[in-house]
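One chain, subunit A, appears in both complexes that follow, with subunit B as partner in the first and subunit C in the second.
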Partner chain A sequence: MAVTEDTGTAPINGKPQSWWSGLSLASVPTPYWFVGAILLLLPVLVGPFMLFQVFGWALILGMIALSLMFLGGYGGMVSLVQMSVAASAAYMLAIFGESAITQISLGWPWWVAIPIALIIATAFGTLTGALAVRTEGIYTIMITLAIASAFFYFTRQNYVLFNGFSGFNGVTPPELFGVDWRQPTPFYYLTLFWAAVAYLSVLYVSRAPFGLALQGVRDNARRMEALGYNVTAHRIAAYVLASFIAAVAGILLVWLNGQVSPGTAGIGPAIDILIIAVIGGLARPVGPFIGAIIYVLLRTFALDFMVSIGLSGERFQLLVGVVFLAIVFWSPDGILGLWERWRNRMNSTDRLTGKARDNDGGSEV
Partner chain B sequence: MNAMANTSSMASRLSATGTANALELRGVSKFFGALAAMQDITLTVKPGERRAVLGSNGAGKTTLFNCITGDFLPTSGVVRMFGEDVTKFPPHDRIRRGLRRTYQISLLFGGLTVIDNVYLACRGVSRNRFSLIRPGRSDALMHAAADLIEAVHLTDVHDTLVSELSYGQQRQLEIALALAGAPRFILFDEPAAGLSPTERRDLIDILNNLPGHMGYIIIEHDMDVALRVAESVTMMHNGRIFKEGKPEEIEADPEVQELYLGGGFTHG
Partner chain C sequence: MKDFMARNPFWTLIIVLAVCFLIWAIFAPWPPGFVDTFGRKKIFLNALFNGVTLGALYFLVASGFTLIFGLMKNVNLAHGSLYLLGGYIGYDVANTTGWWLLSFIVVFVVVGAMGVLLQVLVFQRMEGQDLRQTLVTIGISIVVADLMLWYWGGDFYQILTPDWLSGPIQLPIVTAVKSSGEAVFLKYPFVRLVILVASIVIGFAMWLSLNKTRVGMLIRAGVDDRDMLSATGVRIQRVFVLVFAFGAGLAGVAGVVGGTFQSLAPGEDTRFLLASLVVVIVGGMGSIPGAALGALLIGLAEQFGSVYMPTYAVVLTFLIMVVVLAFRPQGLLGERR
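Coming up: the complex of A and B.
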């Protein structure tokens, strides 16, 4: 097993392995090397706008959607609060660190402000999780959506702490190692690094006891209880990890935009994260990143496209919606599922017999 | 977490180990709306005791198991395990105290492999359930899981997806999951149902080879199987205990025979 994503099916331990076995480089398949190389060389391939506004943003949104994928794909819990968790980290960084709103911002150094922001945002996400895990399916979606909208209205109405409607601007990354991290190339590498860390962590944890048990909880919570697992505690713990990933993304997001305001985590952006994850595919950690790049490309270039066919540019949401609909219609498991089916068809017809496994109710009630 | 739970109940269990019953139910009832699935069940099982529960479909046997494990909370009554009142405990707390069960309809993780399923079971009753480190070469639980797989004759399908197993193999896996860790008492819900004669013999061997201190209750329709694996029998009917006794007594009981005239049991 490699840094491929055979998370659902690969044995933990067909042969004896050591704990780092999942990260052994020799077994990384070629397409991954290829994508990795392109991502690393991107600054020489595309201009600063693409680098910063398109790929930087996509990697950040991909991380937030990844946190949703971790909860949804492995844990069976669809949370709409992930964008709010990211925004709360952004707000906390602005409040404890430096911003243009000097009457509120405390101006503490980054190495104090960032950990505080991460801790508070993670606590916020975990608390939401603790409320949500006792519910299932649609109710989880509703309760997290309710908390997301409460967060939106609270930040918009609270001026003492959150500076109300206008939020905070002038939030910039610290100048470290003599690098201006707000320049497109350094910022791109910064986000690429953290996105890769988040991606690999989720991939790794999915085969560790915690991740495996989380998938067990998703498939069969009752049996997990009967095996000695505290299902509620396990679900809440999943929120801890997911919230932390979203929080890291939130820090990057406020640096990308230079600002954070209630609109950062309105209902629209909250649902966009779900759309991104679904477009890409919830089954594997790479899905959210694929979804994010499609979403950002659509958002960035839909305007020109809409205007060129005589529609108002603001209606880019329409295009996103149409793409979303098409994907959900054609492939409920996202672009990733579409690609997998295509590859299976190309590989061999024998694969079709593998389908028979669906008929056998091994994991039924 | 486990360790804490252990110390808190240490006192009650120390006094319990020698004398207390493995299981003690007092006046346990379970209603589904107006339906009494199980009514006023009083039952004691000694440590190491092996008992069969018989009864027609809908007699309340599975409901009895669900109330013992905590899958369902009883409507009324008290459940004690090794001297400790566990009536309100969630299932995982009872499992961590040594209780195990299998399900009548296999409840397995179809999307995971056989070894993953058994590994999860071993991990569930040990420490580090939240571990973020992948199991390594020397992981003791991985060896324990492999041993269990061998014990239920599934070594050939070690890495097979559970959804691809045959029915009989899934039943074997159910049993492996219940044997993980150090069980003190096991509930088997119709483990022999639907098995071939060979698989049935294997099952009887597995049960007879369990260490003597490991008691169990087995729900079993087949009197022939029940006689070979149990030393006492509880007969249920319409949610109540109808008869209790030695297997021979139950089999010879005229009331039992009348109740099951025309079928229910197969002999020899």
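Coming up: the complex of A and C.
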């Protein structure tokens, strides 16, 4: 795993180090500064539509796809249920908090409703995970797909709790510190903050003993079991973290859209999350965010593009499908994989010693 | 069978009792108290027959899926698209030529040829890469779904039943007794019964050819250990292509069947993909009898669910899947590998 090669931040040399010792500013690679600066200055650069509908949405989808990437890339378990976990958090927030459907919503204050929503959604994801880890590989995909569609049908049929087909609308973020968090700029910073937290925590966990053990389980579950690791517990714990990230993203998603309905977590969106994660690349935590930006840009501007080349805009799914198909067909590790191969071809001269490649190893994220 | 009875006397007893009760419930006129709790007998019988015929349809779709998975470990998530494509092509053929039976042959050949293409162009290139196969077939199903939407539009299509099959037929099963003492017999669409019989015949033929013929022997050997089989000189890629073509063709034929007694519309591909996923998960991956059992269970659950608890009928099937997974992860008739 490329991430673990970075010995500068991971305390794997046996010496006890405090967890923040790797976090000195000098050890942050240059691209981080660059991307971070752009993301922070984005409200100055682009208009409110791009900020809210494109980048806000992309960051949220990126977080959900990040949770899938964490399970798939580090745990070897591709779960299609992440979107349902996010939607369940959104539903729980609408049910316990405030929404326009006053006969169902309990209207509790946000500092009660949000933790409850997070806990319930995480519990749902963990239960699903506990069921899914009884199987392996391809079975996991099928079972999580089936559970995701069960969630979709259940929410669509249940009117007592989930308000059936129409779901909930009018779910807004609380006005805190005198800021209206629904406004593009504050909302963008809110999602950026949580996306950064999710990204950094996945990065941290992937280098922590738990993450390393999880990658060991992915590579050879039998050997890890022989070494005394509880394989099932590690896998379920991975689901806990992934579900929590997805749940946070779900709450942001319901604030972005102002509503949640069964369609939020239909079979299409569940597969879209997989598409996003795969387009970006399942090997690195940054992949899902790249994939999300590409997906959202496609989704937003495909119509204009299709019309400009003389096709009707309805064929958007076709474009997404073809792009996705081309990427998985020629580069299974996504855009990041393409980029990496291109870079290797540019500056690798000696395959035996690999010297030429070492000098920019630090820029890997 | 005997093994099962010897090992699980308790479950055998329960199954025998359930079957006896079912036979009694089908043939005997119901006592009044029974009608009060379960509703009229006609409703029950209709749900039962609909469930069994729906199960037959599910079996047609899922048996191809499970055969392909069992032999090649190929996960073909475009299976639902093959179903819907078969249905649309069947509709066009039946509509233009007027021959319902011809559409089955055309669809089997065309969709089977699509299966050959899939196997040669996609699966042969990425043998053993589960995740990549899944992703590529998801991509294919998205593209195919949109192409079909483009060509056939979003309308509902229903393939017309030919004259000699249409109309209800009277079955020798009493649904109720009139006050005059005259017995009312159950009437049921003839075409559904024909389809039921046809899928039983197809299932039996599959079982027979798997167990009694040379190709079947090769397939079973391939399921057990395909490296060893190819080491003995069998051209296993040919067997693969053959099986894939057959499984895909079967999905296409199921599309015609589904188009005849249900309807065809965008979204049906996902529905039948999910149904066959659930069926093979419940029945056991790669097992034809498992697919039959799973299809029967899911079909019955869906129909009885929609009669007795209409809101959560769809959820019921997934509930069955979850329960099976929790207690028997390899499926009811699956083998642990």
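Here are a few things to note about the model shown:
Throughout what follows, the second predicted complex is superposed on the first by the 330 of 365 C-alpha atoms of A that agree within 3 Å, B and C clash if a C-alpha of one lies under 4 Å from a C-alpha of the other, contacts with A are read in each partner's own complex, and residues count from 1 in each chain.
Here is the rule we use: a residue touches a chain if its C-beta (ideal position, glycine included) is under 8 Å from a C-beta of that chain, and two chains touch if they have at least 3 such contacts.
On a predicted model such as this, the values are computed, not experimentally measured, just so you know.
Of the two partner chains, subunit B is the only one touched by A:Ala237; subunit C is not. Considering which of subunit B and subunit C touches more of subunit A, the answer is B. By the touch criterion stated above, A:Gly216 is placed in contact with subunit B alone, subunit C being left untouched. Residue contacts after overlaying the shared chain place A:Val205 against subunit B, while subunit C stays out of touching range. When the two complexes are overlaid on their common chain A, residue A:Gly228 makes contact with subunit B while staying clear of subunit C.
Contact with neither subunit B nor subunit C is seen for A:Ile309 once the two complexes are overlaid on the shared chain. Of the two partner chains placed by the overlay, only subunit C lies in contact with A:Val78; subunit B stays clear of it. Residue overlap on subunit A between its contacts with subunit B in one complex and with subunit C in the other: absent. For subunit B in complex with subunit A, the residues that touch the partner chain are 1, 69-71, 90-92, 95-96, 101, 103, 105-113, 115-116, 119-121, 123-125, 128-137, 139, 142, 158-159, 161-165, 170, 177, 180-181. The touching residues of subunit A, when paired with subunit C in their complex, are 72, 78, 131, 134-135, 137-139, 141-143, 145-147, 149-150, 153-154, 157-158, 267, 271, 274-275, 278, 315, 317-318, 320-322, 324-325, 328-329, 332.
Residues 8-14, 16-22, 204-205, 207-213, 215-216, 219-220, 222-231, 233-234, 237, 357-358, 360-365 of subunit A are the ones touching subunit B in the complex. Every residue of subunit C that touches subunit A in the complex is listed here, in rising order: 73, 75, 129-132, 134-136, 138-140, 142-143, 145-147, 149-150, 270, 274, 277-278, 281, 285, 311-312, 314-315, 318-319, 321-322, 325-326, 329.
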